[in-house]
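Got a structure for you, written out below as structure tokens; questions coming shortly.
We call the chains A, B, C, D and E, going by the order they appear; numbering starts again at 1 in every chain.
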Amino acid sequence: MQQANTSQRSVPATRKSGARLAWIGRAFLLALALFAVIVLVRSFFDNPQLFAQIVISGLQLGFVYALIALGYTMVYGIVKLINFAHGDVFMAGAFVSFFAVTRFQLHLWPAMVFPNLPPIVVTVVGSITVILLSMAVCALMAVTIERVAYKPLRTAPRIAALITAIGVSFFLEYFGALNFVFSPRFIPYQRPFDVVTWYIFDGIHQVMPGQNPPQGSITFSNIAIIIMVVSILMQLSLQFLVRRTRIGKAMRATAFDKQAAQLMGINVDRVISITFAIGSAFAGLGGVLYAIAYPSINTLLGVLPGLKAFVAAVLGGIGSIPGAFVGALIMGQAEALTAGYISTPMRDAIAFTILIVVLLVRPTGIFGEPEKEKA
Amino acid sequence: MTETLANPMASAATATTNQPLLDVRKLNKFFGGLRAVNDFDMIIYPGELVGLIGPNGAGKTTCFNMISGLYTPSGGEIILYGQNVAGLEPYEVTQMGVGRTFQNIRLFPNLSVLDNVRIAYHTHAGYSMIDAILRTPRYERMERELTEKAQDFLSIFKLERIQDELAMNLPYGEQRRVEIARALASNPRLLLLDEPAAGMNPAEIVTLMDLIHFVQERFNLTILLIEHQMRFVMGICERITVMDFGEVIARGTPKEIQADPRVVEAYLGKGATHAA
Amino acid sequence: MLLEVNDLNVFYGAIHALQGISFNLEEGEIVTLIGANGAGKSTTLRTVSGLLRSRSGYIRFKGQDISSVAAEQIVRLGISQVPEGRKIFAPLTVQENLEMGAYTRNNAAEIDSSMQRVFASFPRLKERVNQLGGTLSGGEQQMLAMGRALMSRPKLLLLDEPSMGLSPILTEEIFRIIKEINSQGTTILLVEQNALMALSVAQRAYVLETGSIVLQGNAGEVRDNPQVRNAYLGVG
Amino acid sequence: MELDPLSLLISIVKIAAVMAWVYGLLRVMGHASKWVKIGGIIALFAVVQLAISINVGDSPILNNFDTGLLFQACTITMVSLGLNLIYGFNGQFSLGQWGFYGIGAYAAADITYRWTNGDAAGLLVAGIGVILIGVVILGLNRFLSRYRGLPVLSAFTLYLIGVIIAGVAAYYIGATLGPMLAPLFGTSDVPGILRSDLALQVVFVLAVFIAGAFAAEVAFLFGLPVLTLGSDYFGIASLGFVIVVNTLMVNSDTILPFPEMKGGRGMVGIPQVTTWFYAFFFLLLVIVVMRNIIHSSTGRAILSVREDETASKAMGINIANYKLLSFVTGSLFAGLGGGVYAHYIGFLSPGTFDFLIGFNPLIIVVFGGLGSMTGTLVAGFFWMFFLEGMLRVLLGQLGTEAPTWRFVLYPITLLLMMLVRPKGLLGSVEWGFLKRPVAPRRGGNDSARGPAGVVPALK
Amino acid sequence: MRAFKITSLFALAAIAVSACASAGGTGGDIKVAILAPLSGPVPTFGVSTRDGALQAIDEWNAKGGINGQKIVPIVEDSQCTPDPALNAAHKVIDQDKVSFIIGEVCSKASIPISDYANSKKIIEMSPTSTATGVTVDQNGKVKDYIFRACFIDPFQGKVAAKFALGTLKAQTAFIMLDQSNDYVKGLAEAFEQAYTAAGGKVVGKENYTGKDTDFSTILAKVADAKPGLVYLPDYYNIVNLVTKQAKEKGITAPFMGGDGWDSPDLDTKAADGGYYTNHYSPEDTRPEVVNFVKAYGVKYKDDKGQPKTPDALAALAYDAGNLLFTAIKDAGSTDTTKVRDTLTKISFDGISGKITYDADHNPVKSATILHVTGGKVVFDSVVNP
């Protein structure tokens, strides 16, 4: 009896060390990575121009995701809530700009007020006004949502707020689809400015309507450049805000420890509202740019980009601003390259597989801080 | 396997008194750059009741966490009955006969007191999940037996009246007792108590001391405890180890420790000498 | 009377954590609450600073009832807490931590002068001004936490276990600073496990046991009480 | 058109009746007497069966609209119970339940589809495959437990290789044996014995079980590495699983070798064999199995993981195993639910298994109360009869524009509900059968027995 | 024993419910259910279908109903998803006791409905479900009571191929298709078959999914392949995105598609130069078309308050309604078997042409080819089968 018991108890210590078998898992991952690299390298040498073209479209997509992902990651960082309604705020941004342009001709206001302005100034100022309006409306909307649906649940189990977030998301989608709101249609989006495309082939030339760019040229458009520039600018300004300003520091303090922040006299509720507002303003901006780049909008527009941006935020390490940015770029490339070289219908599957594999290697994302061991 | 002896380990322990039950050698733990525990050594023989004291943050709980497997040591050996258990999973360490309580009580808050204790029996449940799904006679029998055993434990701790209360609804003192009962129910040879008397008033502490003495004899336990209540430590422990800044600064009997100037300076405080 | 706490009852769920506590602080005093772990000392401080809500009883600060004032407003009224475990903002630098302490104030010049004063009291913080809070040692973190609390220029400073995990030398240093802060006019409510040390700086003391005050008096009296000596000082 | 107050009343009575029925079910099942238990279950089954088959006026008491809701309520409840086991009881935030539901549905549907088309290979391959894979997993589990501290990715790779080998073996065995049975199917004119209705019923039940087991095995492979992630990360990874599964469904005829599933066009021609009896049977099965697990030592271990992982480790519980166990069991329930669903609706399309709809079980589980089986049961039935029943009926009367409001009212209801009861409808209350059995208190005077009597006799 | 009380309570309640339910029948009117996806992925189709069908019902009611009986519409949201669609069908058939259903729009929702309706001998007239599986089961047996108003996929594909090679003289084509959409896939396959059989060359074929918005990768390949024609038989929302992005990339090859293009929301600027096969053209000068377009515009306004132009979905729903009501009228009865027999032999002049039914309950009618040019959709030609 005692004998049996002793031996039973000593089993764990006499077991072989499994650490020696770590190579199996590593070999598996390596094989996956190698496969991906081989596919990419071969594709690159097959047709470098096509490869570059695909990478450019991946960049454009990735930078839009980045704008949405920033909001996700900020909100998650501060209230640990997966704000599923974020994608719908993004949708609202697109619709606000649509109505501003088609109903109120807001993008032309400089020309109406100052008739002698050169058209380029009109376009730039008008478009910026439209974008700012969208951002403001989105920020307002998000703050309202936060007050109504999330704040009362701050002390409740986290999942309750997640469910209300899903509820808010459904509400925005289907309320927006009512006939007297946005209607459920896919609406051709009227851009506040025209998209111009250039191609690179012995220098940079503009693509004229009805003219095929020569074989082997690489095309890019002004909207792609705007998206990239705006996205980088926003990322930098957000970094500045969070690192250098008083409210940004309060955000980081609140994210780290709400009670300690309260003890500093920080109004935690206000900081959270501001975080929602900023994140959603970015989503609104993303919504406008997205609609300009892919000009067909309906009320379900935000679902997939929202989801992918969220995945990008998780991939980069949720809560981390540079992480969201890098994650979004990876998502963009993963989608574009999968679409280009494997199969378009598989691109979501591949993107998520990448997410899962990355999480297995780095359980809290690329830039995520390791979870604290607790005892 | 239906023996009714108090503790199967009891005779094994007496048969090998000269062999230490726990032999910790050069244990180290780093958190990032911070050295939480530095070359910690400790030998405990079967049947002893040893105290581990030191200021908050001295590394006592970290040592506990390493011995019970929650932390993987950065270096050193933890030899339990001749086997190095450093780096084993906590559940394996527990199955080898190490039970513990936690500094900030970690009961299963939404479960009843009885379930809290029954969970500790899990590894000895004596029936499989298939038995449970099919509700076989074996399940019925073993579950009844297990429940009775758990209730016996509860009655030792005078908790039988509250067996159906949710753990989170108990007052502090009772939570402590449930936690000790739960740790004992996992059938340990070595029991680690992390500040068992915290939050108890002097009268409760006296009861607790009696209780610990009782369970130690009853179950032939070896006990290692962390405690701040000096009266408790001095009154109950046979030997005391004092830690400060991750290092052992003194060992000895309670009397020796109280007289040790380093201990007084580091832990009891200079005021102690004045007051005494 | 600067702070007046009367018949305070606080519950954690079903647990009656504070069972009718009453105590008070005069301006300029150091008062200490001593007692075992879980006796309710930290709960008391957290209730005063507004992090917890009492079920009954009141807290008056400078005559104003603050039992239902929000925590961030209480800071503006002049109560600042150094929480247990220091709770400094690990991802923020030392300077940013201090700026957070002055969050309620707007005058940049005054904030700067406060910061200089904190640096004068804690020269070590000045050396590490750009270091992240999380990388400081325990003693430095405690100094940062106290410095941060002082940045709001409080009338009343609540200190929760300032010596926790500190070496004797550091503990003495901290207590020297506590006295210094007090001498500059800040009233201090001190919760401490190192009862001897606490009693050596405080004028008055309250002894807490499972949520109620069992003994109160001058520090000296309390120190000489045989029960206290037995239970908390480990001697006798 | 105007709202007919009578129909509002009918809807309310209907929901109340269903809730009362659920309550009655849990009551009779929890009754102490065995005969009341059996009699009560039969009676409750009979009540519904009679209501389906007896006509009052020109239609049965429960018309097809109602029974359709009942079927769907049963399946969604099964799926949600599985999720509650994973999330509510074990604390693992999973969004992947819908994927296992889909896997179960497609797997079961494929088996019976092939069967009705005179091809037994589907059943053989799936059946043998599920068994072989199970054997491989259990065997490898035993073998790998000899290695301590084995990195989870290595374990995963080994399992994956094992499963692939088992799957390939099953394929060849099944594909060889399958055609041999073809003569037994007879021809289109002379039905063979395997084409009888009875055979189809048997195959259907087998298919549902195989589908459940298959979903469970997939859950094992997926959960093994992914359950090591922290809670929200696990949630997102499992959401990814749903999307991967959905993509594979869309491409089932091109990337996967199942032309009969027809990819995005949807699989037609699945025999509609699910009857009220089967839905009832499988729901009861899931309830009983889950309840028996929860109220046992295993269940307490599962709960302890949710309550406090560290303390649970210190109690000698291998938490990784229990996370995996509850995940696999929960997915098994989802797979069973899928199998029942496929043979009720008779048509599967990837759109049904979209990730957005996949939030439904989560909503039901939270709505009912995490860690409350009763809550899930009540919420599952209520949700179906409210959203698909009551709202549909009432809005249908309010004019041609009103139905668009259904999905506006639904989130508002959800929102209000969460704001009013953030811990769910029933919190963690259980009714009747699902109540934790109360251990009898030991009578007598404990002190009289003395310490000598309180020996912790463990084996 | 409490359990039994509860159970008996349930039984009583259930009987009460059924008693109430059976009391709520209305006599004299003909109830017609309209099952349309008002929510879900394609709500816009649902709205058009509903409006078109309601238009037909209103006109008939204005004329005094069918044989003196008024038509009462019951609209249900079927979400373009199988289970809600089936629930909706159950509800209208068993709860509201309708005998006639107009809908569903999506094939994947129509298929489960059609099985059930057929088993209940309820006439289902789908306006736009183009998959063969709607009217024919997997064994090739015709579902007796199921009809549709639209032509099926293979027909449109063939017409498009004929037009591409004949009129457009495009010798090479690039096909873009949504793998997960049976409508698109059906058209694409039919086109490819007919096109290669007639000597055309398919230089590339790319899949995407209906949720995509970024087509630049595929368009990069199109630009690379330089085809004479891009066949894109998808719905207008995808067409808007693809053609716009194609224009921006400088792709000059004309796009061609199917009836999915037809929508007031088609971006005519982006799709400029494109062609599509359709059921009808609102510019058609036949009086029934002109009247319909006018009446529809009076009844329904767009968000700017302008009269809406009916799209093909509305037109087909209108046709579906008229087909059904004419058949009921001709049969002189609401008995579904009689109506079915009438329908199989019907010859009806609809908006989308002259309709007769073949053995598989698919309409035999002509296709219209429309050309997108100068910001407008203009009638190009009619192609007969």
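Points worth noting:
In this section, contacts are C-beta pairs under 8 Å (C-beta built on N, C-alpha and C of every residue); 3 or more make two chains touch, one makes a residue touch a chain.
A quick note: this is a predicted structure, and the numbers were derived from the prediction, not measured.
The fewest steps needed to get from subunit C to subunit D, moving only between touching chains, is 2.
Of all chains, the one whose Cα centroid sits at the greatest distance from that of subunit C is E. Two chain pairs, B-D and A-E, are weighed by contacting C-beta pairs, with B-D ahead. Using the average of C-alpha coordinates as each chain's centre, B ends up farthest from subunit A. Centre-to-centre spacing of subunit D and subunit E amounts to 35 Å, using the average Cα coordinate of each chain.
Centre to centre, using the average C-alpha position, subunit A and subunit B are separated by 49 Å. One finds 32 Å separating the Cα centroids of subunit B and subunit C. Each chain gets one centre point, the mean of its Cα atoms, and the points for subunit C and subunit E are 73 Å apart.
Multi-chain contact residues of subunit D, defined as those touching 2 or more other chains: 148-149, 250-251, 310, 404, 407. With touch defined as above, subunit C holds no residue shared between interfaces to two or more other chains.
Counting only residues that touch two or more partner chains, subunit A has 12, 174, 177, 179, 184, 343, 345, 348, 375. Across the interface of their complex, subunit A is touched by residues 38-39, 41, 43-44, 46-47, 179-180, 206-209, 211-214, 216-218, 220-221, 223-224, 226, 235-237, 240-241, 244-245, 247-252, 263, 265-267, 270, 303 of subunit E. Against subunit C, the residues of subunit A that register as touching in their complex are 246, 249-250, 252-253, 256-257, 259-268. Looking at the complex, you find that subunit A touches subunit E at residues 47, 50, 53-54, 56-57, 60-61, 174, 177, 179, 183-188, 195, 197, 199, 207-213, 215, 219, 221, 290, 293-296, 298, 300, 304-305, 335-336, 339-340, 343-345, 348. Residues of subunit B touching subunit D in their complex: 1-8, 68-70, 87-92, 94-95, 99-100, 102, 106-112, 114-115, 118-127, 129, 131-135, 139, 143, 146-153, 155-156, 160, 163-164, 182-187, 214, 218-219. On the side of subunit A, the complex with subunit D involves touching residues 12, 15-19, 21-29, 80, 82, 149, 152-153, 156-157, 159-164, 166-171, 173-175, 177-179, 184, 303, 307, 310-311, 314, 318, 343, 345-346, 348-349, 352-353, 355-356, 359-360, 363-365, 371, 374-375.
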